[in-house]
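Read from first to last, the chains carry the letters A, B and C; within each, the first residue is number 1.
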Amino acid sequence: MTGERGTRRKDRVARLGLHLVLAAGLVVMVGPFVWMVLSSFKTESEIRQVPMTWLPDEVTFANYGDLFARLDFPTYFTNSVVVTVFTTLTNLLFCSAAGYALAKLPFGGRRLLFAVVLGTIMVPNIVTIVPLFVLSSNLGLVNTLAGLILPFAAQAFGVFLMRQFILSIPDDLLEAARIDGATEFRIFRRIVLPLCRPALATLGILTFLSSWNNFLWPLVSATTEDTYTLPVALALYAIGQNRTDYDLLLAGSVVVVVPVLVVFVLLQRHFVRGIATTGLK
Amino acid sequence: MTRPTRLLAAVLAVTLLASACGRDDDGGGAAEEGAQLDQGKASGEITVWAMGTEGEKLSVLAEDFMKENPDARVTVTPVPWDGAHNKISTAIAGQETPDVSMLGTTWIGEFANTGALDVVPSDLVSEQDFFPGAWETGVVDGTSYSVPWYVETRLLFVNRAAAEKAGITEAPATWEDLHAAVTALRTKGGAKWGIYLQPGQTGAWQTVMPFVWQNGGDIHDGTRFVLDAAPNVEALAYYESFYADGLSTRDRLREGEPEPKLLSGEIASFVSGPWHIGLLNELGGEGKFELWPMPAGPGEYTSFIGGSNLSVFKEADNRDGAWKFVSYLMRPDVQVRWYQTVSDLPAVQAAWDDPVLADDPLLATFGDQLDTAKAPPPIPTWEQIAAGVDTELEKIAKGATSPEAAATAMQEQASAIGTGN
Amino acid sequence: MRRTRNSRTSPAAGSALYRALTGWTFALPFTVLFLLFTAGPVAVSLVMSVTDIRSADLLDPLGVEVVGFDNYVRLFTDPKFVRACVNTAVFVGVGVPLTMALALAFALGLNSGLVRFRTAFRVGYYLPVVTSIVAISVVWRFLLQPESGLVNELLSAVGIQGPNWLNDEAFALPTLIVMAAWRNLGFAMVIFLAGLQAIPRELYEAATIDGARRWAQLRHLTVPMLAPTMLFVAVITTIAYVQYFEEPFVMTQGGPLDSTLSMAHHTYNQFGFGNYGYASAMGYVLFVVVVGLSIAWFRLLRNNVDR
């Protein structure tokens, strides 16, 4: 059994090496984030200091005080939460259903629909903003929260993601359920969705992030302050014509990032747990 | 196979529909005058968009206005600078514009061309009350579409210690003086760079066009672009000389970099606007820098004038109320109050007689220069032409082209783009 | 759903009509919203690209001339656009493989079962995706300072004189590629991690019994099973990189001398100038490029699962 012991030692070396590589990578990856958090406790002049510093000379909470005093924080935060939560939920629901249809249910027009879906992801957003605004205006959606949600409630990106994941579910599994007399709806709910938990978690994380950070559309679509979202408000107060208030901007960026991280930490657990393929065959 | 064909057919149908309509040629009409306003106090709801700090603080003035006009209700929506131009474009397309909006001085030509802006009423304000360069920014083909609200102009910020070490006692008056002074700032003043001139890229034209104007050159003479005229080429050569003689770095400084470098003396001077007073003071720079006006030459003008204007949209629900609010903001006392609120320099000349402004020596330098400051022509395509100019300026700064070739390229690009009218 | 349930009793359950109805029932809510809010504006912008529409026509959009492919022809005589095409090609050609390789390597490492503190690593590697671009640009610029930056100090320790990364025509684009890979690999890694969960564990167990080594497992089991996910990541990353914009916008503004100007940046500028027809045409050139690359990816990564 010397061979196995050798393998085990090799394993231990591999494990150590892997940890070292990953840890080195981690330092490189988190540097700017750490700087962002630390600098949000610095004064404006220290943030602007050259060469830049990591630890604050004197810790100040004034940036956060300023942020909550100058911005109507509860309004913007509520708007952002409502828009992001609805956008994320609708995408999870609509995209997984459509993704299932595109992956596993042969129906007329399926290929065309998928081609159009893929095609639209590839058109840069900026060129559609004027037609989208005119449409939104005709539907009476300008300056409403619904007008911020609906255009992004069913995104092509999500369908593409879900389709690709559902493709890798073995057909035999679904066929077996069909022979047992399960309806497609039941198969979708009881087999496909549970198997898709990592994919749904991914879609949730990515949609939440993009909706939460979305800037151009909420800016264009909101015509009064009470429908502004956090990124719009933050840009308004921190980024001037000729100057940027880094103190406010960094404190704001930290506050804005918290919900995104919470969602990520909560959902990333599904990358390990979700799948139970052992009973498949 | 049939479905894609049908889709194609639908697209074609829409295309044909569009072609059936076609462009009707109304061309540039004669100068217009806006209809007069009714007498009496403003009333009703007035919606206003304003960018950045102005948007955040405008409600202060709106409160005062509503005290004088109890029947009026002003709603101010602050708009982020970042994306403001796109927001206004789309609002025009969707006909979701407010009654009044603040507009960048270089946007008026473009938005006036859409037909979305109301003509300034003939009895609203008097042209003579404003700095001439500022008033011109709102006039497109002889018709006035907006009123200047606040202004700014560019001049030289200089490290005082370096200037003293270099033995410079007064601001250089001519090109030769400036070049000599900047050289002295470097050789005697101990600076690594005697000056920082933006080496091309977005907005560099605001630094270089003053040289063109000082030299009697211009962008457009009323009938054609004149970017390759002799005075322009000379101005570009003057700009180039600062790089060729090692007086300015060829590398672009990013936001936040010039201020500490000026105060540390690494860079002895740069060209910028009034907001830099605040930025430098915040870094503990009070008293450590001085202001020089731009040098003069054979030309009538010496520097660039910027700022923002106020326009009323044709679609405004409350046109009279909107213009009355605009005219309120142009009252000298209100302009002074606005300066005290957000440090915006008044566009109305009479406001400068108020001791609040008159007694401030730093401001006086700006005030004097505003009389001879000029803006680019209010043509709809200016932003695009400026981008081409900025690209050529970068080539000059990096030594990748000659002033002559750059001027020719600028002229060719501008002529190809046209004035958009 | 009632229709579906009823038809269970009939043998028609396998009929084409039944399948079409079920398929469309699942796809319908998405399709309605998608056609209205995404496909509709896209179709309009496609029409705009064959007209001379500019910002001056905003109030009278039907009053424009149809100019056919003029905008498209003009594009290729625009030296800035041609330059932007070359830059974008380099960015995509180098950036996409680099990002995917790094993301896959880290995902496999984190998924290997050998690593502890997995949550901390996952969150850490995802942080650049969520960090504000302003903070990122400040720190990167500091690290890349020509004289005092950490990167050049490390290089000079081994006797190399580092360049002025962001202001040198030769180095600015490669620097931005590395930065983009750094910033986006967390995004791709998350998707790879999710994709790796979909590979049945017993396949690995079987492979281990067969005595397959790690490398062989990776080549013959993991990579083929991961093909649909790789395809997704490849296409999405390609789309993101063909439309790359933010990094040069904050770091170099397309300079020095247009060496980092991207097609998307140029499109954005033209849109800002109010040249909507021209900008739309540019957008559709981008579109054609992405479609071409995506077809290539589909060909390359197609396996028996993906019909």
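FYI, a residue touches a chain if its C-beta (ideal position, glycine included) is under 8 Å from a C-beta of that chain, and two chains touch if they have at least 3 such contacts.
Just so we're clear, the structure is a prediction, and the values are computed from it rather than from any experiment.
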Exercise. Could you compare the number of C-beta pairs in contact for B-C with that for A-C and name the larger?
Key: A-C
Quiz item: Using C-alpha centroids, which chain lies at the maximum separation from chain C?
Solution: B
Self-check item: Interchain centroid distance [CA atoms averaged], chain A/chain B, Å
Solution: 38
Quiz item: Between chain B and chain C, what is the gap in Å from one C-alpha centre to the other?
Solution: 37
Quiz prompt | Distance between chain centroids, defined by C-alpha means - chain A, chain C (Å) | solution = 15
Quiz item: So which stretches of chain A touch two or more other chains?
Solution: 109, 129-130, 134, 244, 246
Quiz item: Tell me, which residues of chain B touch at least two other chains?
Solution: 86, 89, 93, 95, 256
Exercise. List, in ascending order, every residue of chain C touching at least 2 other chains.
Key: 44, 58, 61, 138, 271
Practice problem: Please give the residue numbers of chain A that touch chain B in the complex, ascending. | Solution: 44-45, 48-50, 70, 109, 112, 129-130, 133-134, 136-137, 142-143, 215-216, 219-220, 223-225, 232, 235-237, 239-244, 246
Quiz item: In the complex of these two chains, what residues of chain B are touching chain C?
Solution: 11, 14-15, 17-19, 21-24, 85-86, 89, 92-93, 95, 110-111, 113-116, 200-202, 250-252, 254, 256, 380-381, 383-384, 387, 391, 394-395, 398, 400, 420
Quiz item: For chain B, which residues are in contact with chain A within the complex?
Solution: 3-4, 51-53, 55-56, 75, 77-83, 86-87, 89-91, 93-96, 98, 255-257, 259-261, 273, 275, 278-279, 282-284
Exercise. Flag every residue of chain A that touches chain C in the complex, lowest number first.
Key: 11, 14-15, 18-19, 21-22, 25-26, 28-33, 35-36, 39, 51-52, 90, 93-95, 97-98, 100-102, 105-110, 113, 116-124, 126-132, 134-135, 150-157, 159-161, 164-165, 167-169, 178, 181, 183-185, 188, 195, 198-199, 201-202, 205-206, 209, 244, 246, 249-250, 253, 256-257, 260-261, 264-265, 268-269, 271-272, 274-275, 277-278, 280
Practice problem: Show which residues of chain C lie in contact with chain A when the two form their complex. | Solution: 1, 4-5, 8, 13, 16, 19-27, 29-34, 36-42, 44-45, 48-49, 58, 61, 106, 109-110, 112, 114-116, 118-132, 134-136, 138-140, 142, 145, 148, 182, 186-187, 190-191, 193-195, 197-198, 200-202, 225, 228-229, 231-232, 235-236, 239, 242-243, 264, 267-268, 271, 276, 279-280, 282-284, 286-287, 290-291, 294, 305-306
